[in-house]
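Mind looking over this structure? Questions follow.
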């Protein structure tokens, strides 16, 4: 076996071949800069349709951390912070990008990566019930990820409940969809893209981890894109001169159902992976319905396996066991899972 | 003529075809993320050689504004600001990105886009001579662009003089090389890439405007890359998960002299353009030795021409005349200049 | 002469004795914290009356730099900057406090410390006329000082013209009144406090330089105090637990005309000072109608004088002459001016 | 009873009468501005002696939130955050001042307001053991309060253990001493001011809550005051023109043991208060050895008491009980405690 099997993450390859083909086909066209080209326009129109949200304002930004930091800092007032699960990506794994722009993350307890609408409501009630709340950071926005950092998904009921609390307190609900395709195409979800557009005030559809070289599509669903957002994006260093790179990629991903088809492929591969581990009697750390699977391995087995397979360390479970992550993507091959099965 | 002739800017096309070929050829390889892949390593090594600076630390960032803001804010102390020509890109056309990160731009007079070492020294002397200078923003860094916003170039003597003042006051000299290729391959320069690496403390080699889809290569020449720069880049939202996009592009551009050859082509095309305008008796607003040419047009002629040619408005000269910019790039075709000549 | 004559600045003494008396008289009263005590309320009410602006929202902040930075950053949107004379205090002598909070200062030419409404209007026209203005910092506010850093004053016509441009472009006009008392009580002004309240959107009445130990009263005149301003002030570290320190001082200063009487005294002393210098044939660098006087001294004379008198170095005029500043205050004694006259 | 008994907080009065007397006695002296006057110098020298730390660098800042935000942001690198108990004042009650300057607070579990050295060490080990820690905020400083927000105190052993972990990881240990006097003069502490100076890298001695009108004395104990700290303080709007206000107050407080004597008085009053509540069978929420006492009241009793006594709501304990805070200060009178006893 010349190369190890690859299950480390969902950004280990380049982009879906059709994306590359379209970049090549349009390469010498002269296009306007800074996101005003026709491919950006076309991509936005297709995304609006996919979201069933004709009035959506859409912007493309090259990465997830940048998107989170810009959206959050642009929507919050200076005295406000953003509520997030303590395990939220913005709270732990973005090098403090949100705080770097002056905004505090207000952590709520996590339940398999999710926050609970009842706890959110209690948090809000306690905050406004405190006589000294003007000395505290005002909760001004709610951040959730879907799928979460643990691969789990909100149900439509859970999302509706969160949305209701947000509306009661007039806070935007923001969904980090870095892996949104894998959530939408899970076999265990009742949440559609139009549902998300209805229930969230702003969200992003991840490209980097779902078939693009880079890029996330931010969708403002309620006429709430901040005024002069181009200037804000520029000020944050996130305005690409060749906006076509974003436009062409998303235009391709949202043509002929590509984004959803390749996401479904990753889900199918994850299901195969799950079956393979289950059949061999392995224990799952969490029951993930998406493309990230968290497996408990005996340390010795982990060492042995790592000679032939690349996967991610997640966390130490106890002296003898470790939680590891296996991720599939649009590029995962069925034959690699068969090879993996033979190694278990 | 189905499409207008294109001289608007140097980022109107995609990327050099060889870059795209290499992206395709490496697309399905499994690579490490966040800039630690082998193509990034290879590109860095080639750039170190081209700079004759084996100890350089190099980082790839996707755009110029982002690069400027990160480098400047990472190198300045909080009480320091960055000196720049009043016409410097950071001072006027980056939507306040540098100030957004807390740093003041300290403007010096411009001379065809350049600052003068004598005036810089006088500024420093006056600053430290002022008894109240602890109430002022300390000059902590010097920013220059090469080519400048007017297409002009520093001579080696001018650059050496600036470098000397910076060293006397222990300030880093930072060169914005968004169009560096066009400066290096000008027929009217005595400044080489190794000269720049010797005289500057940090600079960047522009990719976006010189053949890449996006990307700038930041070069720290004196062992002065800030500690934990990866975390700093991440915190600023500029760390691409698929760092390969940067690595593959710069590896290609620095293979077989490609970066320099395509830059030379743009310069050759600019010389042709200059000749065409000169032969027809047009006036130049500035004598630019690089790929941006600034022409004075009568307003009527400008209107007439704009039906067949795309170029940029620069500034109003007087009631009847306007300064416009014609830019060439690696993609400019000689036949388009011939067609332009016929229209003048 | 045991001690040198003191004309260095207007903050060399403590506070007006009546302020100290009132602090002592109220010292043991139990009062609410954070600016909600009865003396703050009373002071605000008296200031509203003095401004003839019953709907004004007023806040007390301990120093001028802090006030400028908080007001400017609270009123600007992130993509906006503040216009100021190049000589404005915020641009040169506040250690970059405004930029530290992310806001760019946009300098206009100064005319004896003042900006010109025509030039302001031209700046706005040019900005919005530029096709690329979304890549630039939007002018979002106008900062003026009155008296200026050169002791000069806007006329009512000049102020009205500035106010009109600001309203046309929907920008707040902010007046830094660190020395406002000395401006209002000048014999050469036609601008009253009610005029200022009408023409400006926000301004502050300086206490530190006009009889208080510390403190500036910020006045929002148009129902435009930012929501949750207490939290904003707290977030900027400027909320004193013992807000009474501010309330008692301003309540005293605005009782029985004290603020105006002591300002007039400083003006009277400045007139005496002017007369003394004029009679001896000294040259004035600028014709200042307020408490700061800028005199041109021969270097030898300056040296000789400085043995007996404390004054401020302002700037070198030429090889043989220096501009120095003599300041009066509420505490300046007529006899000290007589002693000075004897030394000239 | 004309006025209610006052136990709301320790900043309800002005300042100790001796402070006011000294302000009056020095009021008309001409002094240098910005903290360079002789009273600041004298106060610093006295504090150095009290700390037994002759090499300490000292600065006066007007309030606690401002001090915390400036010290933390000045000492952290941009990619670092500050560790604090989840109940730390900076984490919950400073309106996000630390994040406003770009720094993340990294919360550790609290134990009666304190953090545990073992948990701190484990946090550090886990952080550096994580392969992805370059994507996380680096722990760069430890913040503790002493007394804590619950009135509790670190023992010398606990403080030494924290200090050792900090030194192992080369992080400064920063102590918020807003109520330091009440900690030092507690009958249940083995920690002295020289101990604090030895074990901490930077701390502040609170004035606002211990006899001053405003002001905190920041002490850098290891030659670690940031370069150009004056400019940093100015940039943060915290440089008072009349620095004498700070100097005179701290000079008085550190003359003839005043700071310690008035702190001891508050402790004695707190002991009396405790005795009174204990004798009447009231329950204490926490066993506080300092000037803040946390009592559990039945809701009905709380209502009844509040007609005659001012105290602070702390938190709801259960349906029928509430935790309230009674605070003493340098100004608390024994007779008021006797009156309170009669009401219980």
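The first chain written gets the first letter, and so on, giving A, B, C and D; residue counts start at 1 in each chain.
Everything that follows uses one rule, which is that a residue touches a chain if its C-beta (ideal position, glycine included) is under 8 Å from a C-beta of that chain, and two chains touch if they have at least 3 such contacts.
Fair warning: this is a prediction, and the values are worked out from it, not measured in the lab.
Look at the CA centroids: the one farthest from the centroid of chain D belongs to B. Between the interfaces A-D and B-D, more contacting C-beta pairs are found at A-D.
The mean-CA centres of chain A and chain B are about 34 angstrom from one another, to the nearest whole unit. Rounded to whole angstrom, the centroid-to-centroid distance between chain B and chain D, based on C-alpha atoms, equals 51 Å.
Chain centres here are Cα averages; for chain A and chain D they lie 42 Å apart. Multi-chain contact residues of chain D (touching two or more other chains): 78-79, 94-96, 100, 102, 134-135, 231-232, 234-235.
Of all the residues in chain C, the ones that touch chain D in their complex are 3, 6, 8-9, 11-15, 17, 20, 23-24, 26-33, 62-67, 69-70, 94-97, 100, 208-209, 213-214, 231-232, 234-242, 244-245, 310, 331.
Across the complex, chain A meets chain C through its residues 73-74, 77-79, 102, 134-135, 138, 227-228, 230-232, 234-235.
On chain A, the positions that touch chain D within their shared complex are 78-79, 81, 92-96, 99-105, 107, 131-132, 134-137, 313.
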